[in-house]
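Here chain A shows up in two complexes: once beside chain B, once beside chain C.
Let's turn to the complex of A and B:
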């Protein structure tokens, strides 16, 4: 536990020192939301209907920037190798990084909600539930994203490889998070949100444990 | 070095047997088996589509098994087999999608539908194609093998979640065809082609695995010895 808290302190310091990057990623996500509306046209009903999909696509695209950047600083001056030489388990390093990425992506998601409401007139009276879905969905992006970012940061063509590996894998997250958010915005007469949230939670549980187990193999070889 | 680059005679035997069975099964399916009542001749694509789909899943399952074996048992042969199984699996999965699209257009009226099995197959193609791309962009053989084994395990675990998430989302595909669910007039060509494609797949994986093993042998070979330092006389001879 002390290993994890040390890893989290290191991540918090790292995030604080590169806080301008989070603002840049937010601008990227917001401009993606703006561009999606041009693809549909000025049809306010259609924009509102597709608003949840646009929000999650914007988050998914922006997540590749955040995730790729999270290991960039670890590669400079071989900082990751130095951390592995310390008496700390790789799983603690993984969970420190994954929780940090989850926090960043959740903040980004929360910040994009007002942009979505303004651009697509997609307000909801169940804001707490929507923020909960964002928390579950970004958890699903951050665990496999952190594992793949650790691999691709050490490979050639890292900008291409990360989305190539991550996007097919997170199809269930995109699908469940979009459906749950859409039901919260447009109405949920059949009470389906809970099922989609459960699917997200199952995906999160599987991937947070599996990626934590496999991370050691990725960084130790 | 634990490499799997033995003689390919068995692979050629399986390839020959596979071609013969495929010819027999296709002849039976095209000319002997009766046309299906509702779909007519379009249904005959089932004799290659269903066996290809079964063998696609077998190839990816084998790749998953090789990834586990490489990580937990060790041995380079598992890496070359995993690479071969993934490549053959991707080719078979693309074939399944193409055959499915050819069947879907006259039957469903569309080339593609967001059905669980179709979507899961498409996701599998992209997931494993991504892992093959990762292998091409990593030069160190140890890292390449370990990372692709990890990515294969993660992608394979994703398959049932993708399937059930898409199933909740939308479903149109009919129930799986097996020899038990079709009339006896149809199941012989289905069985024969299933074995034909299985043998062809074994041959392709075996030959591709041998190519991967030969490449690994080159990559893992020790570097050539450094030239001996030249003495004063030898250096003078060389510069003359």
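Let's turn to the complex of A and C:
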């Protein structure tokens, strides 16, 4: 537990020092939402109907930037090696990094909600539930994203490799998150949101436990 | 830094205690390859606790690979290594708790300050991470006045000093110093000499890979020369310059 706490403090420090990057990723995500609205045109009903999909597409695209960068600081001077030799258990390093990425992606998702409301007229009276779905969905992106970011961090084409590896794996999470968000925005007469959220939580539990186990194999020789 | 400024070696908590006489570092038939090229071929060595070995060899002879294998950072493709009798393949965590490696890479976070980098290491090691505890550590390597400067503003020599401070923070029983004199100025050379003397006075086992043959020979009692990944010579460090066939740094630099 003390190793995880040290890992989380390290990540918080690194995030604070590189906080300008979060603003850049937000601008990227907001730009994606803006482009989607241009693609649909002035059809406000269609915009509202597709708003949840656009939100998650924007989040997915922006997440690859966040995730790929998250291992840059570990690899540029091989700081990760020193921690492995201290020795810090790989699982503590993984969960520290994954929780940090989750926090960033959640913040990004929360920040994109007002943009979505303004651009797509996609308000909801169940804002708390929508933020909860964003928390669950970004958890499903951040655990495998962190694992794949570690795998591709030494590759020359990591910015290309990461989405190629990550996107197929997170399709179930995206489907569930988009469906749950869409129901919260457009209405949920059958009360299905809880089932989709439960499905998301199950995927999260699987990803977070499996990726934590596999991380050691990725970073050790 | 004087030997007295270094803390005595603590016994790693929860680690199996080695039997008396167990070598601190052992390698048997160690081979390691990168792709199709063998970087180490059948390397054997055994170092008693508290001893010091200088490892020499031309660029690409396998010194860094040997240190990375002995530090448990990479696995040998063949052969075995042991740290105080512990096989890293069986008990990686316990073996690693006894080893520290100063490598070619600075292993720091560029965006963090020198003090923050040491704080990160201290927290992982479970050591006091307060400013009061760590600034003296930076002072030991001549960086106290730059404690709050980001590492990205440091010269290569200053990074090396910071890496040395972090390596010493581990207070390991086996310390591997890979090119410790690299990028350092003459006072830095003396700092490294003092560190090795200090480590030995605490009972640590020290391995130094260097091209500074005379310095290495003066600090260690055993010498080993690698050539194309094989042990080409081994013997008393005092015979290193004469017996190794390598050119001493002083001659290479046109000195005496």
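Everything below uses one rule, namely that the second predicted complex is superposed on the first by the 221 of 221 C-alpha atoms of A that agree within 3 Å, B and C clash if a C-alpha of one lies under 4 Å from a C-alpha of the other, contacts with A are read in each partner's own complex, and residues count from 1 in each chain.
The working rule: contacts are C-beta pairs under 8 Å (C-beta built on N, C-alpha and C of every residue); 3 or more make two chains touch, one makes a residue touch a chain.
Treat the numbers as computed from the prediction; the structure is a model and nothing was measured.
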{"item": "Contacts of A:2 with chain B and chain C, given as first, second, both or neither", "value": "second"}
{"item": "First (chain B), second (chain C), both or neither touched by A:76", "value": "second"}
{"item": "Partner chain(s) touched by A:214 [first = chain B, second = chain C, both, neither]", "value": "first"}
{"item": "Broader residue contact with chain A after superposition on the shared chain, chain B or chain C", "value": "B"}
{"item": "Partner chain(s) touched by A:14 [first = chain B, second = chain C, both, neither]", "value": "second"}
{"item": "Which of chain B and chain C A:88 touches, first, second, both or neither", "value": "second"}
{"item": "Touching both chain C and chain B, counted on chain A across the two superposed complexes", "value": "221"}
{"item": "In the complex, chain A residues that touch chain C", "value": "2-3, 5-7, 9-10, 13-14, 17-18, 73, 76-79, 81-89, 221"}
{"item": "Sites on chain A touched by chain B in the complex", "value": "144, 147-148, 151-152, 154-157, 160-161, 164-165, 167-169, 171-172, 175-176, 179, 195-196, 199, 202-203, 206-207, 210-211, 214, 217-218, 221"}
{"item": "Chain A-facing residues of chain B, complex", "value": "71, 119, 123-124, 126-127, 129-131, 133-134, 137-139, 142-143, 146-147, 149-151, 153-155, 157-158, 161-162, 164-166, 168-169"}
{"item": "Footprint of chain A on chain C - complex, ascending", "value": "71-75, 92-93, 96-97, 99-101, 103, 105-112, 116, 120-121, 123-126, 166, 170"}
